[in-house]
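Next up, some structures in structure tokens.
Shared between the two complexes below is chain A, which has chain B as its partner in the first and chain C in the second.
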Partner chain A sequence: MPEGILCNKKTVDEKSQLDALLADKSGKQYYEEMNHLEVDSDALWAAIQKTCKSRIRTWLEICAHCGMCADSCFYYLANHKDPKQVPSYKIQSTLGELIRRKGKVDNAFMQMCMDTAYSKCSCCTRCGLYCPFGIDMGIMFGYLRGLLFSQGFVPWEMKIGTGMHRIFRAQMDITTEDWVETCEWMAEEYEEDWPGLTIPIDVQDADIIYTVNAREPKHYPEDLAEAAILFHVAGENWTVPSEGWEETSLAMFAGDWAACKMQVESVYAAMDRLKPKRMVVTECGHAYRATVIEGPYWAGLPSGQTPIESIHYVEWVAEALRTGKLKIDPAKKIKEPVTYQDSCNYIRNGGLADVAREIMGYIAEDFREMTPCREHNFCCGGGGGLNGIGRYRPERNIGLKVKRDQILATGAKLVVAPCHNCWDAIRDLEEVYKVGIRWSFLKPLLLNMIIVPDHLKPTEE
Partner chain B sequence: MFNKILFATTASPTCDNAAKVAFDLELKWNAKLFVFHVLGVPTRGYSPFVTDARTGEEETVDPDYIDWVKEEMKNTYADLLEDSDAELCSAVGAPHREILRMARKENVDLIVMGAHTREEDVGATRHRAVVGSTMQKVAKAARCPVVIISRPCTTCWKLFSNIVIGTDFSKASYSAFLFAYKLAKEVGANLHIFHALDINDGRSGPPAAQEEIEAKIKAAREKIESAYVSKIKDFDKYTIDIWEGIPYVEILKFARDKGSDLIVMSHHTREIDPEKALLGSTVEQVVLRSACPVASVNKPDKVKDAV
Partner chain C sequence: MYDFVSGPLAWLSFIIFFVGIIYRIIWYVRGLDWQMDRVAYRPHRKYGIKGAARSIFYWLLPFGTRSWRYYPSFTIMVFVFHFGLLFSPLFLPAHNIMLEQAVGFGLPTISESAADVLTILVILAAVFIIMRRIALPEVRILTKPYDFLVLAIAVAPFITGFLAYHQVGNYRVMLTAHILCGEIMLVAIPFTKLSHFVLFFMSRAQLGMDYGIKRGGMKNAKGMTW
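And now, the complex of A and B:
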């Protein structure tokens, strides 16, 4: 059976395909079919020749096998320095071998590649900082994932995720109506406590267009309300688009480059349509990387930049605190020791380490850095889609140990984690290892700390 | 008065007392009843895993799991379902959010919940906080009255003879009064309008002088006369009482004294952190300790036609 019913080389573009995948408990049938999936070596080699450009070929060629990358990898550290977890070994034995064999590989090899690309690398790109040549294994694993996806070797959850993006232009099944209704609902629910609060939809020429992670409207719409309240208090002229509001990209984790392009183009179209001055991305790491850093290239924008200036939520918060749009009540600053989880995607890959420290300076009295920190901080353990893949749950949980120990060493019981995947990974490490910590996004913390001007307070007769 | 009722349940023994009331309301008011269970709490990042709302275990949501939970619900309520046309429904999500979503979607007139205080329901302290704050959050944001039942309630609502409304004179309390009045009138119960004068009230130093307390009691009585009694028409089975003390204690004592079948209050704390609000709120304390059901009413939407 060269192509399975669920596991195949086809992309998921129809709702019926998506439903069939969702009905397959934990991907049981899907992974069974994968065992019989044929590798189209000719297509694979053609894709490599077309897309594997000089950078990756050079990286693979010049690797001196010096092993400097070994200690940079949290999987290597968490797995008792297993040599098979050395980044250069991981990429040479997969992508490197694939190219050496000119794509003539079998099913077992492809599954080994998939297992390596998803359960031994979160694409955090930390190794690239430590390689004397600057070879970035995370980037190469991202590329390998694309090749694997084109041949159908992709974890079940990731296949579903790409289908969601293709069908709904969001990582979850949220229609335009659902989204607009959720915005109205949240404004209604909170307007009593915040007179005049609105969530303006499709306003032309606003100063800020705000975009989110689909899990917020789907499961945690309070997050949207909290963002609205903070914009409201800061006096921002802002809007959300009725379409093109989703920032995340499971397609990026899955290596479905066509779906990546579709997704970011929906956001850029909203920018073109509404002509806002700037875009603010919610507290999500990979969403920022996908839409702000990688997206312009996927969409073929010659500038390599998003159509309008786009900033991460932490940049907006730092600016609002710096300019006094939001003021912190000194009595309400966080008194207990608190640490900050540097999201790889907007700290290491986005250069926002200073911005995060600036915020902590405003809100915390006893801020404690992890060791290492900033650009050198480790991945939370849940990046690159790892939180969402059942097949690799045990490997993921082992990887969480590094972050656990980093947090414990700070002595802080509270972790500020302005990234959905970091938030989850830290929650999960508490579930698995029970170390007695708490974690939070910035929004709820800020809401407890800001000074609310009298004219924005509700009147009680 | 109740055309649509949403019974939000953990589908476990915690909600047995609430279930009896919910199914009884369906029959007596000839209402449409939704028996609603939130399966599991999803993660913030992308993941198919949810934390099962009852066991606290990690589960993957798929049709099998949903069918299994529905089957469990059917078994749990087999006896009650015999005479009922209730619709069993479920959703994945944060419990308070999905209950509010369902209530909004179906525009229900009443939400019935258990008090989630029984030990066997919850494995961990963390989990207990989740269910406890569910009630808190639903009560705060719901547009309709929310009835919370922790102890067995043997009296049919149609036979209620004493309804206590505890007011703190807030805007939300007025909605609570309207609900209590409307229900008392409809079932022919006595309406006991009650205010607890908080003698602590955050002050330090010696307790207030008796004259001061008495003056406040007098003022509260006048407030009740002007704000509430003036709205009452064609109904004379009401009483007015003001007791001083710690509010939740006084309300509970008063309710016991009157043989109350239902306590109606508003719950309008602005505290954002549910853990802090959980400890501070009078309504929470009343719910946990009350022998009779407690209705929390904060919004005028479903009660404004009472006067």
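And now, the complex of A and C:
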């Protein structure tokens, strides 16, 4: 059975494998090897028989081929209503066909499935809201990604991502020491402006355990400092775990369910170890989806819930504003028109639409909704791992047009985007289309607006 | 022929129909898997029932969901088609006379002319649905011969019934054809896409539970806005 050195059915569990993948620039060799990767039809069919149960089989079978899902898909709209972008067509011609052929498919078919699953669907699950039968094609594409992963047909970056999770329990190569040092560094860096500021590590029985996206310590450590300052001003008793601090899951995008389990269990272990009252997740959509919404199922928790109550950062902000832990200086509220990017992962799939509006009520004078919005909002164009895959960059950039037009229609030049993928996608759409918009997480905006109690201000000498 | 079609064959078709749909329901429910579907159905039954009920209710309501409102003309056709499809055979006087003879009770009936109007509406809606299938590229790409076959199976009893009632052609032959078509439809329901007769409710309930239990239902008291 021909398997590549880099592109194969094996999981990436050793640092040497990971380094070899990383050394292969843009995955050139990886994708070349993929052209020769053999499909193990028996294993594929066995996996389908074991995991494809009545829900997905019924979805595939009863689809009335009515086309009502067409206009729900931002890819369909962004590609001039290309019929090949109709969600039902996309899933029927991939997963549907795979099952009809009982797994007896060739390399070209598997690559076509991979291309479809990663460049034509962000698993935003909006189509499921428009199908009379409740056929959720985003869920099915997630399932298909799992089958593809098991056969080695996964984009290069995603394969690396799963390796990172398996080795570092983070989507990037950040060790426990790196993380702890970053926390200490940020606390020191900002201590002068914020006397008494700390980033408490591994404190037992705190009210809040704060967990992040690895990009924050790696690329935007100020985000961590901002979170610390806001907790500090709000007077929270909080901590970060030295291990189990990473919420994201490229493994979820890649369909590596075993790595998904490992990743979330590291967070749940931190909960068990430190016994905090509840967890706050940073401003990231898929991280919250992975660890709070889907994670308990991967970890086999029958309640479907995290070991302790877990909330998204927007829930914490709304609560802090509501209870007066954070107070906004009315003079500093956002005066210009501003809109809010509803993240699919915690708005449509997490029920937090009202919470987001509550925050905007506190901080913005001219809040403008996108159309559509809330649960029905369009994906930013970068969800489902699409931001990070070089092979499908052109397709992703076309997909961004829908969000671009939605934002422009509001008249707002500022977009509040409390989600890393949305934030990136909006940054990229500005880079590609140059429409003159700005984008921001909540933390920097809040820092400019809050009233700081005198006792927390630095003493002037 | 007529006696056989309206006698033993009718019984057989009803038995296949009922056993078939019950089997489909049981198969569906038994195939739900909390860990694979990633929905904790049992521990949060209350949220599940609420989510399922909302999911079914709003989708049974004409223009009850954003999707129904988005495609108004198709929505009207879909509802007219299904309303006629379900209610005219169920409450047709002739059918209920036969039902009373067979099992000793009948359902309330609508007038013959109301049934006639419903039948014509079903046929017209089917024509519209076929035209839409051919005309719209996003529907055409999904369409397979099987879709036309399923539609034909569903509409054939209405066409033959209409012709028989209005005594077009040989009444006896047409009536036999009508009964046969009805039986084909009944038998086809559990075995084809027409199984959405029951699986619509199952699938809608499942997604409703999914949103009601896992995807936001516990944080958003209002529930999913369908």
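Convention: the second predicted complex is superposed on the first by the 460 of 461 C-alpha atoms of A that agree within 3 Å, B and C clash if a C-alpha of one lies under 4 Å from a C-alpha of the other, contacts with A are read in each partner's own complex, and residues count from 1 in each chain.
Criterion: contacts are C-beta pairs under 8 Å (C-beta built on N, C-alpha and C of every residue); 3 or more make two chains touch, one makes a residue touch a chain.
Since this is a predicted model, take the numbers as computed values, not measurements.
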Have a look at where A:Trp185 lands relative to chain B and chain C in the superposition and call it first, second, both or neither. first
Tell me the contact category for A:Arg374 with respect to chain B and chain C: first, second, both or neither. second
First (chain B), second (chain C), both or neither: which does A:Gly255 touch? neither
Of the partners chain B and chain C, which touch A:Pro302 in the superposed model: first, second, both, neither? second
Does the superposition put A:Trp59 against chain B (first), chain C (second), both, or neither? second
A:Trp423 in the overlay: touching chain B, chain C, both, or neither? Say first, second, both or neither. first
More chain A residues in contact - chain B or chain C: C
Partner chain(s) touched by A:Gly128 [first = chain B, second = chain C, both, neither]: second
Can you pull the chain A residues that chain B and chain C both touch? none
Residues of chain A touching chain C in the complex: 51, 53-55, 57-59, 61-68, 70-72, 76, 81, 83-84, 86, 88-89, 92, 128-136, 293-294, 296-297, 300, 302-305, 315, 348-355, 372, 374-376
The residues of chain A that touch chain B in their complex are 22-26, 157, 160-161, 171, 185, 189, 193, 215, 218-222, 248, 250, 253, 382, 385, 387-388, 390, 420-421, 423-425, 427-428, 431, 444, 447-448, 460-461
Across the complex, what residues on chain C touch chain A? 27-40, 42-44, 55, 59, 66-68, 70-71, 74, 78, 133, 136-144, 147, 193, 195-196, 199-200, 202-204, 206-208, 210, 213-220, 222, 224-226
Please name which positions on chain B make contact with chain A in the complex. 42-49, 58, 60, 62-65, 92-94, 97, 100-101, 104, 141, 170-171, 270, 272-273
